[in-house]
Structures are given as C-alpha cells and as structure tokens.
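Sharing a structure, written as structure tokens. Questions coming.
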Amino acid sequence: MATQPAVETERASGGVRRPRLWLVGSVVAVAILAVVPLLTDRRDLLNLLFLVYLAVCLGQSWNIIGGFAGQVNLGHAAFFGIGALVARNLWAVQGYPFSLAFLAGGLAAVAFAMVIGVPTFRLRGVYFAIGTLGVGEVLRLTTANALPLVSALPTDLVNTYDLASRYELALALAAASTLAAYVLLHSRLGLGILAVREDEEAAQATGVDALRHKLVALAISSLFAGLAGATFAYYHVSYYPELAFSPHWTFDAVLITFIGGLGTLIGPVVGAVFYVLVREQLAVTLVNVHQVIFGILFIVVVLALPGGLVDLSSRLCRKR
Amino acid sequence: MSPQLVAQNLVFGLFVGSNYGLAAVGLSLVFGVLRVLNVAHGELLMVGGYVTFWLFTLTGLDPFLSALVCAPVLFVLGLALNYGLFGFVERLDEETKIKNSLLISFGLTLVIQNAAQALWSADERSVSSSLVAGGTVVMGIALPYTRLAGLILALLTIVALHQLLQRTYFGKAVRATAEDWEAASVAGIDVQRTYLITFALGAALAGVAGTLVSIQYSIAPAVGIAWTLKALVVVVLAGLGSIFGAFAAGLVLGIAEQISVFILGAAYREVVGLVLFLLVLVLRPQGLFGSRAR
Amino acid sequence: MLQVNGVDARHGDVQALWDVSLEVRAGEVVTIIGPNGAGKTTLMRTIMGLHTPSAGTITLDGTAIHTLPPHRVSERGVILVPEGRRLFGGMRVLENLEVGAYAPEARRRRAETLEFVFETFPILAERRQQQAGTLSGGQQQMLAIGRALMGLPRLLLLDEPSLGLAPIVVQQIFQVIESLGRQRGVTVLLVEQNARLALEVADRAYVLEQGRVAGTGRAADLLSDSRVQQAYLGYAPTPTEAPA
C-alpha cells in the first residue's frame, strides 16, 4: 500500500531515538525562537518565521486526521477559513478581545467539522473527502458572494498592531499543535485512532468505536486549523475574507504533511520549513510554476515515497 | 408569483442543470468503472474550455462546433494521464485505490490549475457563437438559443454515450468491468485497456462540458475546482456509480439552485448543493438512483 | 494438458498453497476435493491468473501461463466459472453470454456457440432478456457455465458449482458437466465440497488439505477409500475402529 507510514516504530521508541534528547532540544529551540523578536527588528525575518509557524500548525493539524486517522480531508481550508471568519468578525468588527475571538474561531471550526464528520464517517472514506472538499468550496464561494469587500482593521486596532505578539502566538500554536500530536500519539485514544486507520473493520471487532475515534481526531484537527485561521485573521491588517477559504490552504497542509512525512511527528515540521523556504525562493523567480513543481513533487511522494523526507533521511542514515 | 415566472425558473434550472449533469457524467463513469475518484475532473473541463477559447480566438471556429475538436483532444489527454499516472494505482485494493487516486488527482488539480495560470493568465475568457444567437419566447418564457443549443448538445452527448455503452461490444465490456472486473477479466476482457479507454472517455466528456461552460459562463483557471465540486455533489446525489442518473441528478440540482436563488437570492446559491448533499448522505446514502447502499 | 508444478501461493503474509502439483490430461474430468479453507479456490484463481504464484509454474500444453493476466489465459482456452457465480447482475442474460464471447475467435463463432448454450440450458433461452441478478440460484449457475462456454474453453474450471443450490438443480448441473466432458470433449477441472457427486462424475481426483495435496488417484478408488469415506463422504467409522 502506498500510504503506510512508519508510526509503529514511532510509538515503540517513543517518537525517535533518544526521545528525551529531542524533548529537551525542542524546548530549547522554542525558547530561542521565542526571544528572536527581542533580538531583531527585521520584519522580513519575523514574517517568514510567522509563515513557517502557521505552516507547521496547518501540517500538524492535517496530519492528525489524514496521517493518524487515515481520513483524506480535502477541505482543510474550510476549518482555517471559519476560524479566520469568526475570529475576525468578533475581534475587528464587534470589538471583543482577541483571546475570546481566537477561541471562538477554533470552536466554530470544530462545530463545522462535526457537521461534515457525523454524516460522512458512517459511510465509505470517499464521502468524507467529497464532503470536506464541498464544504470548503461552498464556504469560499458564499463568502465571496456575501462579503466581497476587503476586511480592514479599524484604526484603533491598526495603531495597536505589533508584529511580535503575532509572532509569539504563531510560535505557541506551532508548538502546541506539535505537542498535541505527541500526546495523542502516545495515548490510548491515539492507539485506537491508528488502529482505525490500519483496518477499520478489524478495529471495530476489537471494540474500538471507529466513529467516535474518527470524530475525535477530526475535532482536534479542525480545532488547530481554526486557531491557525484565527491567527491569520489577527496577523493581516486587511485582506479579502474569501482568501481564508482558498483551497491553497488545503494544498499547503496536505503538501507539507506528505513531503515531510505522513503520520510522523516531526514530518509536518520538516515539511513546513522546507515548503515555506523553498516556496519563498521560487515564488520570486517563477510565479505560478512553483506551485506546479510542488504539485508534481507531491504526486511523486504519494506514488513513490509515502514516508516523505523523514523516511528518506532515515533510509539514508541506515545506509551509512 | 405567476405560473410563467415559475416556469421560467424551471426552464432555466434545466438549462443550468444540463451543464451540471454533463459535467458529472464523466466523473461518474470513471468512478463507476475504475473506482477512481478524479478530483481533477473540473480541471479537465477547464482545459476543454480553453481549447474552445483558443480555437475561437485563433481560428474563429464557432464554439459549438469546437466540441468536435475538444472531445478528441481531451480524450488523448485522458489516455496520457491514465497511462502515465492513474494506471499506477489501479492494481491496488479498492479502499487504497480510492484514497490514493483522491490524493493524486488532488495534486493534479494543483498542477493543472497553476500551469493554466502560468500559461494563460488568471483573466476570465469567454466566447460567443455566431451560429447560434438570439432567442425566442414561447408562452411567455424566454428561451435563449445558446442555452437551448447547450441543452441539446448535452442531451446528444448523453444519448451517444448511452448507445455506446448499451449497443457496442466495447460498451458491454465497460459495463461488465464496472460490475465485476475479475469476472470480466476471466471472460477475456483486457481490464487495463478498458480502464484506459474509459478514463479517456471521461476526460472527453469533461471536454465537451468545458465547451458549453465557456459559451454559457466564462473560463478562468480558478473555475476548475468549482466545477469539480458541482460534479461531486451531483454524483453523490445520483449515487456513486450511477452514470445516467448523474445527468438526471444534475437537472435536479440545477432546478433546486434556481428555486433557491429565486427565494433566497444569488449569494447563497452554492449552499443548496451542500445542503442536498448532506441530506442525501443522512437520509439515502445510496443516492437518488443508486441501487444498493455501497 | 494442464500441468501445475510445485505452486506456492500467498495471501499477503499468509501462505495458502504449499508445493501443489497436479495435472489434467485432455478429455478428462478431474476433481479436487477437500475441506473448507483448504486452498481450493486459491488454486483455481491462481490457474486462471487472478492470483500470481510465489513459486512454481503452471503450463498449458507446455507453455507457461502462470505469468499471464486472466484475459490471456482465457484466450488460450482456460476459463473459470468462479465460486459464487460472479455474474454481471445488472446486465441481461443474453448480454452476459455475449460478454463471455469477448475474445476474437469466440466472438466470431458466437452465434453457433449461443445455440449450443441455449440447447444445453433451455431456461436461459426463455429468459434471455431478463436481468441476470433476478434469476434463481440454479439459473444463475447455468448462466455462469453458459458464459464460460461462450469463450470456447478447452479446459473448464468449475469452482463449487453446487454451492447453495437445491439437490435437484445440482443433479441437472452435474449431468451437464458430465456430458460436457464426455460428448463435447471439454476437459474439466472441478472443485467441489460435495465430494460424493464430484467423485461420481470425475475420472481422477486430488485431495487438497491445508494447502497441500494430501492424496490422488482414480475417482472410483477414492470413493471406496475408507479415509476419504470418513473425512469427506460422511461415513461413520466401522465398529472395530472405535474412536480413542
């Protein structure tokens, strides 16, 4: 089977070799990254890192439903978009504090996810894929129709805008989503979810409630996607609301996860860094062609290298 | 609300629905036979629309006639895509095959959409027909000729497909393969070749649909995914695997949308499809015309 | 005619056939009997090309066929009537038969073959426009055999033709199988759970147990073999062989 990542060894060895070293290393890395805004004023660097953190969160969130639960979600943009829509509306239009808007965005995304998940998860996997794709597109088109004008921050919010807080929020989200994936992977719930991915019928036979596990995975996935969307809404001074529902957010999430390593813990991180950095480079030189290249790369990964970069690197390590 | 207004809306719903139906039939055919869900179907439709546009712009060929060129061009493209890409997943077991074909066609969507944007820019393009213009009014209902011709072309295509599947030996092979590919193989049918040609047929159907879309709407790289969505909703409405039911379901969706626009306004047009989709899944998952709950 | 040599077959990680060898000579009716799950269906599917052996060879008149896809095996005259019939339920009886004659040679001669099939199974002639899925079990089995016959088989593989059918229908079908062998010169390889019927209609037999060939011989000999009688023909042990 083309998509069968090596999560089993992940669980057995607690993630990677020498998990404690990785844990300490991660904490240190996050701490260092957290103080970057204090050390520099370069907006281009902070913006780039912001995009990387957002990408990590997108990847980790998609990985939970697509990698761990094995359910192909083609409408991740819907959850991102709802998070952005709700958060932006509550914060920029209605004046609620952002912390409230942030959480509301995440929860709204979860609610929508359940609307799609409950009817489709009872049926074959293809219905979930169609349903998510459908929700994503319908929301985008409807938002474009209903809210065609640019959403601009009111002056008081523009005046109090500071990039550093956006940066820290995105970093925290990237760390939180990775932590959530780690905790899930090592929990009994996570074991059930992985079992459902491997063979749903067999899992049911051993007492795993497949529907419940899929819904939980979807809830966590959509929560982080929604929070990422809310962060996006916090970050931009002005943007077209329909942009938050653009399918490219789904593409990004799927690409990052696959290229990095489906179903692994650090895959989305590796994929995010790789993708954002390479994209920024290519986008300057070849405007649309970079997406074509990534699309082809993605197809190649699905067909030939389902473990992504993580798998590739571990294979190379073994050869030495 | 006069009966004329109702009738006008119904008729327009039929016009719109015939496009939805034609767009969906190719997707349904490919899924029913190959068990491959080609999420890039709308991109193929979009390419078909561009073929029509460029033929019109460069040679002046009337768009209604260019369907005759579009179909073979997209047929060849379909052959290439199946041979070079989807063919690799066809030997997998059904669940994995569906999953992988979803992912691959998703990647393909990205590739084709952005390639189109790089080549032809994001501008909207449209064509107009000189052969077919104007309209008539029958019993107070306006019938623009382009719309009428579109409906007729869609119907002709569906009838041709039906004849192909019902009366020719190849058509029987396709239907047999769709029912049980192993039994078909034992009966002497080259299943790989049947898959190849069926996929190409699906692409050709998308091409013809694209021609109609370029005439009645406009074409831009971004429309591909919107049409994929329409086709998907219709296919689920009809029931996965019901080929001609997909055309009927397309008409149903067209009419439903038209009614909702009339009542709720144009902004929420797309929501109708999604609501119908969810309703079908909850109440009758095998679709309106599906035979068993697959 | 057909030689199966040392064939191993696997389903994923599970091995289903171990070093299976058998042969079928032209004009014979050979049967394979054995318990459920012994691998009989796997063997038939492997011969047909629906399954690739992990070891061993299968040859037809000396040419290897185990590497060929099913439609090529079918072209060479080996046709399977699968377990459970596997008809094209949404298509009509006549269409099922026509599809059976898909290969070029079979298609050329399909008119005369159709006549033969209708003679053999008059009920199919009556119901030729009926949807195959609505036929009764026995009629479906007849259609499945008829469809295979349309392909002009030299070797007909039958997998559990009696499954789920009433005894009187089974009798009819086995009469047909016997006549195919004797009168039309079609070689038959038959897998059957109903060991008695199979041994009565066959010339030779193989016993397959747990993926291995456990025995072989003339059908008449096996019918009177006490072990076969006890294991597959439902005979109780004789009083002097009281169970331990």
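Order of writing sets the chain letters: A, B and C. Residues in each chain are counted from 1.
One rule holds for everything that comes next: a residue touches a chain if its C-beta (ideal position, glycine included) is under 8 Å from a C-beta of that chain, and two chains touch if they have at least 3 such contacts.
Keep in mind that what you see is a predicted model, and the values were worked out from it rather than measured.
S.K.: Measuring from the mean of all protein Cα atoms shown, which chain centre lies nearest?
M.R.: Central by C-alpha mean position: chain B.
S.K.: Specify the chain most distant from chain B by Cα centroid.
M.R.: Comparing chain centres, C lies farthest from chain B.
S.K.: Hey, how far is the Cα centre of chain A from the one of chain B, in Å?
M.R.: 31
S.K.: Between chain B and chain C, what's the gap in Å when you average each chain's C-alpha atoms?
M.R.: Distance between chain centres, rounded to whole Å: 43 Å.
S.K.: Counting only Cα atoms for the centres, state how far chain A is from chain C in Å.
M.R.: 54
S.K.: Enumerate the contact residues on chain C facing chain B in the complex.
M.R.: 48-50, 69-71, 74-75, 79-80, 82, 86-91, 95, 98-103, 106-107, 147-148, 151
S.K.: If we count contacts the way the header does, which residues on chain B are in touch with chain A in the complex?
M.R.: That would be residues 37, 39, 85, 88-89, 92-93, 95-96, 98-100, 102-104, 106-111, 113-115, 117-118, 225-226, 228-229, 232-233, 236, 240, 266-271, 273-274, 277-278, 281-282, 285, 294 of chain B.
S.K.: Spell out the residues on chain B that touch chain C in their complex, using ranges where they run on.
M.R.: Against chain C, the touching part of chain B is residues 169, 172-173, 175-176, 179-180, 182-192, 291.
S.K.: In the complex formed with chain B, which residues of chain A make contact?
M.R.: 1-3, 70, 72, 74, 115-116, 119-120, 122-127, 129-131, 133-135, 137-138, 141-142, 145-146, 247, 251, 254, 258, 287-289, 291-292, 294-296, 298-299, 302-303
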